[in-house]
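Once you've had a glance at the structure underneath, I'll fire off some questions.
The chains carry the letters A, B and C, assigned in the order they are written, with residues numbered from 1 in each.
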Amino acid sequence: MANPITTTLSAKLSGLLGFSPAVPLRRWSAGQPLVDGKVLVLGSGTGPDADADAVAALLSGSPAQPSATPDSAGTEVLDGWGLDVYRHPVPDERYAAVVLVLTGVEHPDALHEPLLAAASTLKKLARGGRVVTISRTASASDAPAVAAARQGVDAVVRTIAKESRGGATANGIVLGDGVPVTAASAVGALRFLLSTRSAFVHGQLLAVDSTAGALPADWDAPLAGRVAVVTGAARGIGAAIARTLARDGATVVAVDVPAAGEQLAAVANEVRGTALQLDITAPDAGATILEHALARHGHLDVVVHNAGITRDKLFANMTEAQWDSVIAVNIAAQLAINEALLTSGDFTDAPRIVSISSTTGLAGNRGQANYAATKGGVIGMVRATAPLLEPFGGTANAVAPGFIETEMTARMPAVTRQVARQLNSLQQGGLPVDVAEAVSFLASPQAGGVVGRTLRVCGQNVVGA
Amino acid sequence: MALKNTATPSAPRRALVLGGNRIPFARSGGAYAHASNQDMLTAALEGLVARYGLQGERIGEVAAGAVLKHSRDFNLTREAVLGSSLDATTPAYDVQQACATGLETLVGLSNKIRLGQLESAIAGGVDSTSDAPIVVTDRLRRALLDLSRARTAGQKLAALGRIRPKDLAPVAPSTGEPRTHLSMGEHQALTTAQWGITREAQDELALASHQRLAAAWDAGFFDDLVTPYRGQTVDGNLRRDTSLEKLAGLKPTFGTRLDAPATMTAGNSTPLTDGASTVLLGSEEWAATRGLTPLAAVVDAEAGAVDFVHGEDGLLMAPVFAVPRLLARNGLTLADLEYVEIHEAFASTVLATLAAWESDEFGRTRLGLDGAFGTVDRARLNVHGSSLAAGHPFAATGGRIVATIAKELHLRKQRDGGTPRALVSICAAGGLGLTAILEAA
Amino acid sequence: MTLVDLPAVPGLGGLYARGAASTGRLALARRTGSAPVELPATAYRVRGVRASLDHLAAYQRLVGEEASDTLPPGLVHVLGFPLAIALMARTDFPLPMLGMVHLANLVEQRRAIGYDETLDVTASADRLRPHRTGTQVDLVVEAAVDDEVVWRGVSTYLAKGVHLPSDERASDDERAPFEPPLPTGQWQLAADTGRRYAAVSGDRNPIHLSPLTAKAFGFPRTIAHGMYTAARLLADAGRGRGDAFVWSVDFVKPVLLPATVATSVRHRPGGGFDLAAWHPRSGKPHALASVAPPPLTPPNRRPDRPSAAWSTAPPPATPPLLRLSATRPGATPGSSTIQPRSRSTIRRAGRPTIQPRPRRCSGYP
């Protein structure tokens, strides 16, 4: 927060409450190196490890000029990212990122080698460093030892996250059956988690379900040529999403209620998109959005359902109006718009739906039964909507923010707000742009294999974790 | 290749209304009390740019104006363009035709599009009664100017010596007519008395204006016509709760010195208002390349004026004469118009206009017709309310009316087919009037 | 008639002082029966009178005239006014100058007069005649360019309470009640209106300068100059009056300053304008005026008798009001040359039709 008074106040409150001061997180900006330092890639064991080799080759390979997208299902060497990659830990070396390729682990015993090797590096991990695991999903059809090892990885990632310091994050990529480490979404997820775009994504396991998706021609403009609608775009997280999608190349249709038109226009003009003043609960909202996008921009590829309201009340005291209005805006409108788009025949070019959920949608929250119903609803909605989009190479996913510094949270009582900030492993609130980065990733072609999932952007908030 | 020795004259192209944007109109001294004309015009432009994705676009020309204009705003429109997200190479010019300013910008730019001089244009207008220019008295101004020209000490002293203490009082602009020194309301009171317009009829018209404007707001009709500004999200003058009883309870404000009963109140007269409006215009080709849906075509326009100074006609009655000429030129009658938009300067202005058109004698003696000009079906009149409810920031009213009725024409055509037409009529100070025909595109 | 050439237009200040003195003398003489009962047979003339551009601009601005390069007829009146006053200040003038009331004014402008033209201005007194409340007299001023009379003004003044032996009977002066028409305009006259016109016209009659001095002459407040009121009405008529016209004004009730004045400027059938200024609340008229086109007969210019032009063939039913009295003294019948205007033909409410009004007072058909 730029305001020195609030910053000082926060610091004082933190001190009073016994919290350590938060480490400023680095956010993405153009021209930034993907990883600012050495990268350690560790395999599943001592023997040869094709997956780890492939990842190391990807990370260290010489960057190619933007070229034709490689076949994501293949295993050929991808255009490299030109990082300074090491395969064995050197004592006292400072690494900026540690990538653990654990796809070959078939018994908890096998975790010893890579995990302890990784552990030896963590004390000297660079500020804002990254720990990323790549593992496979544990399922009932696995051999018990395999499942045990794979499930164990998840919990280790969460633990590393809880122990991390200096703004470093730890996250895992969990590959579905038959999804190679070089799958577009595995590569896309790895790049996202290594980069500062995932600054507030912490302690999360991001599932890659399929080989769908494609690597972008330009990693800095993965949404080039795409038309994206963002609801609730006038301010806060919605405005950040509009800016981030536009930054990543998308043409943005900024939607908000007519009453928010002034700010909406400012956002639309800033991102050189178009403003559409619209009450999304109107019966023809989906048609209006589609008509606007098609007429002005020729197509519609991405819909970000960000608009939402709160009408907090203890469940026992909840009024009909409070309940109904939240349901109408936060979930019913999304369902109606999705239906209009899905049945239009004009939402078929690798379409993306990204919906904003909340940690409340995962864990519930006192006084927010209505809100929880809708934010939980979003998680269910994307899970069930994704398969409908799959035939067109499309996806539907959700992002669940934790405590984010917005105008809305700025109105919370200072102490409550400060406590809320501390309820995560990064011990600070996220910024709207952190949510926007996750949305942009899920909207991108390289996230085509992430299907029906909910990605938390919460700094590993204790709520619902 | 054969040489063509002459260019074949081609029929003028169509000039299309592609959309509009205004800020909600606010009561004088309200939400825009501290916004200048330039601020408000820029805000209206920015909303238009956002709605139609015109950021960085070089528009052919932008024309706008204000009735109450400070001399520092000599290039008001250009300055607003420079403060907007439009490309800085977008040319602009100011227009001033009293309350007809907004419509005149539209007429002039449309003609340029029809001639092929422009592919795209933005017409607009703005007025602030809250931030009106205050000037010094004529006597002080002349003395100061003479002082600046004086060469000798004696000349300087002489110039200074002419200044009297009361010359120092600031002068606010008035709506008084320079030649008659009567305010617009006092003038209209004369017309009201001349035509015997009743209080009841005026109040009914005012009520209909509020009810129709409220209905349009409630239906979301203005969602793509208005962008909020400074916390004002709907027209500040709109009275949803007004009624004939409430209107009837207001005291007359104009015409109280006449023998005829005074009938004009704050309820059936437009209040002082702040606001700005813009209209996006373009050729068919330009609209197509931008994916913009044409709403209406600007068909024709006619200006008029009356000799109110010598009591010949009421100050605001010029459209009474201009409209018959306009319709005749286009082979139309009032019955051929699906919509009639008559700016509600005062309820009685509209009613006196209708009365003149319905008068057999007036039609014969003053309009040179065989009888009455015709009647206007009230269901077609000001269908979404007009200035009585929305307010009337002088130069911004033309853009409000045109954008509103252009959208309505487009919807009507989508619904019922055909090519519905609308008449737009705006009376103005100085006995001026400007009228135009739009048809659905 | 003796024509006396003065070297320059006399100063009004001195004239008022002399007028005051002669007024006192007259009052005294009347008691003793030695007061003059006939008009002096003297005309005053000043050659080479010119208006300065500054004076022209100041006058135009004050009365709301367009800033043209021609002299408004009211300004020519201002230029000739001191000559008329000089006549009235003479010891042999039969009426007391102070306290005289300006009843009516008739100006005949025969062509536009450029500000750079040099005027020969002549003033004479004419038609001493009884009035219901006293005695009235015409002060006739003519302005000529190269012996061509281009402007002629007749100002009728009333000396209240002064009754001179006369053969004439006072006219009945049946004034139709003024019915105010619908106004076409309105003036807001500030308290200093009199002082500002005094500064431009030189007419510093105390009744126009301050409430105190006005009270001394029996007025409740400062009153506006009649010729200011008249000139503003004329200015309101605008360019439509043309370059040559007959401008006639009756002054009815003085305008007490500050004031709001309702005005009406309306075309009259056959050309010209009917003008009226009245009190908006009481409906009492201040001034009723008209601007009429000039006579159709072209001026019969006779260099040897320049001032007799235009007056040779008066219409039978109306008095030859434009005749120079010096040529045919005492031959004017009646006193009805100037009558109240606007016999309420323009109504205040109702349909906006303007009916023809009877033309009662013009000397022209």
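Operating definition for what follows: a residue touches a chain if its C-beta (ideal position, glycine included) is under 8 Å from a C-beta of that chain, and two chains touch if they have at least 3 such contacts.
Treat the numbers as computed from the prediction; the structure is a model and nothing was measured.
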| item | value |
| --- | --- |
| Chain contact topology (line, ring, star, complete or other) | line |
| Per-chain CA centroid nearest to the all-protein CA mean | B |
| Averaged-CA centre spacing for the pair chain C and chain B, given as whole angstrom | 46 |
| Interchain centroid distance [CA atoms averaged], chain A/chain B, Å | 51 |
| Centre-to-centre distance between chain C and chain A (centres being mean Cα positions), rounded to whole Å | 94 |
| Footprint of chain C on chain B - complex, ascending | 138, 177, 179-182, 186, 190-191, 193-196, 257-260, 308-314, 361 |
| Touching residues on chain C, where the partner in the complex is chain B | 61, 181-188, 236-238, 240, 262-267, 273, 280-281, 346, 348-352, 354 |
| Residues of chain B defined as touching chain A within the complex | 43, 46-47, 49-53, 55-56, 85, 220, 222-224, 226-230, 233, 290-293 |
| Chain A to chain B touching residues, read off their complex | 254, 258-262, 264-266, 268-269, 272-279, 282, 295-298 |
